[in-house]
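What follows is a pair of complexes built around chain A, which joins chain B in one and chain C in the other.
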Partner chain A sequence: MIMKINGLSKKFYTKEVLTDIDLTLEKGRIYGLLGPNGSGKTTLMRIVANIIKNTTGEVRVNDLLLGKETKKIVAFMPTSNFFPKWMKIKDTVDYFSDFYEDFNKDMCYEILQRESLDLGLKVKDLSTGMTEKLKIALTISRNAKLILLDEPFNGIDIIAKESIKKMIVQASNNTNAIMISSHLIDDMESLLDDVILLKEGRIVLNSPAEVLRDEKGLSIKAAYKEVF
Partner chain B sequence: MNFNPNRPIYIQICDGIIERIVRNDLKKGSQLESVRELAVSLNVNINTVRKAYNTLEDKNIIYKKRGIGTFISEDGALIETLRNELSQRVIKEFLEKMHAIGYSDQEIMQVLGEDIYDNEN
Partner chain C sequence: MINLIKYEWKRKGLYVIGLMIIVLLLNIAIYMRGYNAEKQIVTLIFSNMGIFFAGFLTMLIMHIRKIYNLLFTEEGPFTFLTPLNGYEILGSNLLGALLDSVILLVFMGVITLFNLQINDTQFIEEAVKMIRLSGVNVYEAIPGTLTTIFLNYSLLLITIYLSMILVKTLFYNIRFKKIISFVVFLFMSRLNTFINEVFVYHALPTDGFTFNYLVLILLKTSLVFAVWYIISGYLLEESVSA
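Right, the complex of A and B next:
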């Protein structure tokens, strides 16, 4: 087991955005955290990444309570574009390499080359798809136990989407777990092992995707539509 | 490969491999790509591809050699059976569709005969 959440809630002032969250993530699996905008996906990821604090409940990653030590084994990719404008791709790699002990520079160079992301390109000149690919390449090049990707398919064309899916399958192995948040279901059907549906801050469905198809004849999209 | 999202994907992967065997794209006794290679090429998670391989292995269609890889069965009779089963399924689907649009068996025979005759000439 990589991560375990028990009885988690999160309030911003008086507004409760996450309620009674219990969730376990196992090694070697790819999880989809799905729900419409405002359902609490990003908040949940930011808590697990130890950027904001939960109000109640307990989160453990690799048996450790959230803190400095879990930050070292959790790789979180936010939706925002976090690079300063002056940076070239090579600078972003150096930046990650300086910042994270578990960063594998050679692996990152290999991925960037495969995706035709030239090290000399300036970050500000990249298209949305290229920026997203760069962000993912950097995130998965950390040898993290838990990889959290917030909306990696947002605003991406179909070709870039396919390469991003490939990058995610390649990053998945039997020592890590990957969680991807998205409100776009179509692109994720074959990628996900498990589906977690979040509605108004609560988990309303948590099931292996193949079980949905096998036992109910439901695609992830159909299950999503039943809930929302 | 495009998957039907309403059917288990491991079954569709099994079907895809069986089609490749029946077409002789994957020859008797030849090596199949690894689970990880096929997962990456199809953009499917590794567990689903592994489940497909296990299913085919249970049916003796493929077999694993420890530390070497996965291979297609050398049993010619088994492959012939797969070929027959697949053709039966395709015919059944075709007949169902033709019946659904109101063709009688006799009409189906007739149009099929004409089509095959046209293709031959």
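Right, the complex of A and C next:
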């Protein structure tokens, strides 16, 4: 087990956006955190990444409570373009290399070269697809125990999507777990080992994709439609 | 922490170096005008002071914007995701700001001394003579005064930072949180003035400014700074809400 969440909730003002979340993630699997916009996916990921605090409950990653130590083993890719605008692609690589001990600079350069991302380009000049590729390349070049990708397929064309999917599959191994949030279900069908459906801040389905297919005869898309 | 300062310097280093080049070019231009000695030194000092204040104000805005970007823009996670705690993130921002201020002040000090020397004014000799006559030890007073200036600047920054951090933490779920945080900022500033009135101004020696009095000011400023820093670091670490 790489991550365990017990009785987690999160309130903004008086509105509870996450309610009574219990969740366990195992190594070697790719999890899909699915749900419509506003269901609490991003909030849950930001809590696990330890950039915002939960209201109640407990989260452990590799048996450690969230804190400075878990930031060393959790790689989070936010949905927004979070790079400082003055940076060039090379600066972002150097930044990750300076801050994260588990960052593999050579691997990152290899991915960037494969994806035709010029190191001299400024991040503010990148297209949406190029920004997503850069974010993914940096995130998966970390040998992190838990990789969280928030909406990696937002606003990008089909070619970039395929390329990002390949990167995600290559990053998955027996020492890590990957959790991908998305509301674009079609893109997730071939990628996921497990499906977690989030509705109005509650987990309404948590099941291996093969159980859905084999025992219930449902594709991920069909299961999603059934719930929402 | 050193890494955060390094990247912060990469961002604004160009601005600081640019400012220095402008000052140097302006000084050269004034020398080339061929004014008489008195007009030359007056023009140099006033021009340099003007640029210094403009540069310092811009830098203050940059120092405030840095924390604003961290807390309220999409750039925030880029720093918050690094394996550093709230105290380290805050500390590196303050150290970075202090470093800029020291570089700027030292540069302006060197330029001013150079101008006074080259224009053969008696200003430096007169000033040293006056300080000696007043009985103040120059070797204690100058470093002490500079430390007080930098410490007070750090206190101003941490007061502003804390009021911004409150918006994202304790007051996040409260309506009018920005107004309330501004009121807290005013309160913290007033509290600092109150502490000065009670513990510092009353202790001013009757025979004038002494080194012990300077130490008292330093102690008081350090203490208030430490309290605001600990609260800010704790809030950043434990209760950022969104």
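Brief remarks follow.
Going forward, the second predicted complex is superposed on the first by the 228 of 228 C-alpha atoms of A that agree within 3 Å, B and C clash if a C-alpha of one lies under 4 Å from a C-alpha of the other, contacts with A are read in each partner's own complex, and residues count from 1 in each chain.
Just so it is clear, a residue touches a chain if its C-beta (ideal position, glycine included) is under 8 Å from a C-beta of that chain, and two chains touch if they have at least 3 such contacts.
None of these values were measured; they are calculated from a predicted model.
Of the two partner chains placed by the overlay, only chain C lies in contact with A:Y13; chain B stays clear of it.
In the superposition on chain A, A:I30 contacts chain B only, with no contact to chain C. Residue contacts after overlaying the shared chain place A:N81 against chain C, while chain B stays out of touching range. Of the two partner chains, chain C is the only one touched by A:K72; chain B is not. Shared-chain residue A:D214: touches chain B; no touch with chain C. Of the two partner chains placed around the shared chain by superposition, chain B is the only one that A:S190 touches, whereas chain C remains out of contact.
By the touch criterion stated above, A:F99 is placed in contact with chain C alone, chain B being left untouched.
Contacts of A:I111 after superposition on the shared chain: neither chain B nor chain C is touched. Residue ranges of chain B in contact with chain A, taken from their complex: 3, 5-10, 39-40, 42-48, 51.
Residue ranges on chain C touching chain A, taken from their complex, read 3, 6-7, 10-11, 69, 74-78, 80-85, 172-173, 238-242. On the side of chain A, the complex with chain C involves touching residues 11-14, 46, 49, 51-53, 67-69, 71-72, 76, 78, 80-84, 86, 91, 95, 98-100. Across the complex, chain B is touched by residues 28-30, 162, 165-166, 169-170, 172, 189-193, 209-210, 213-214, 217-222 of chain A.
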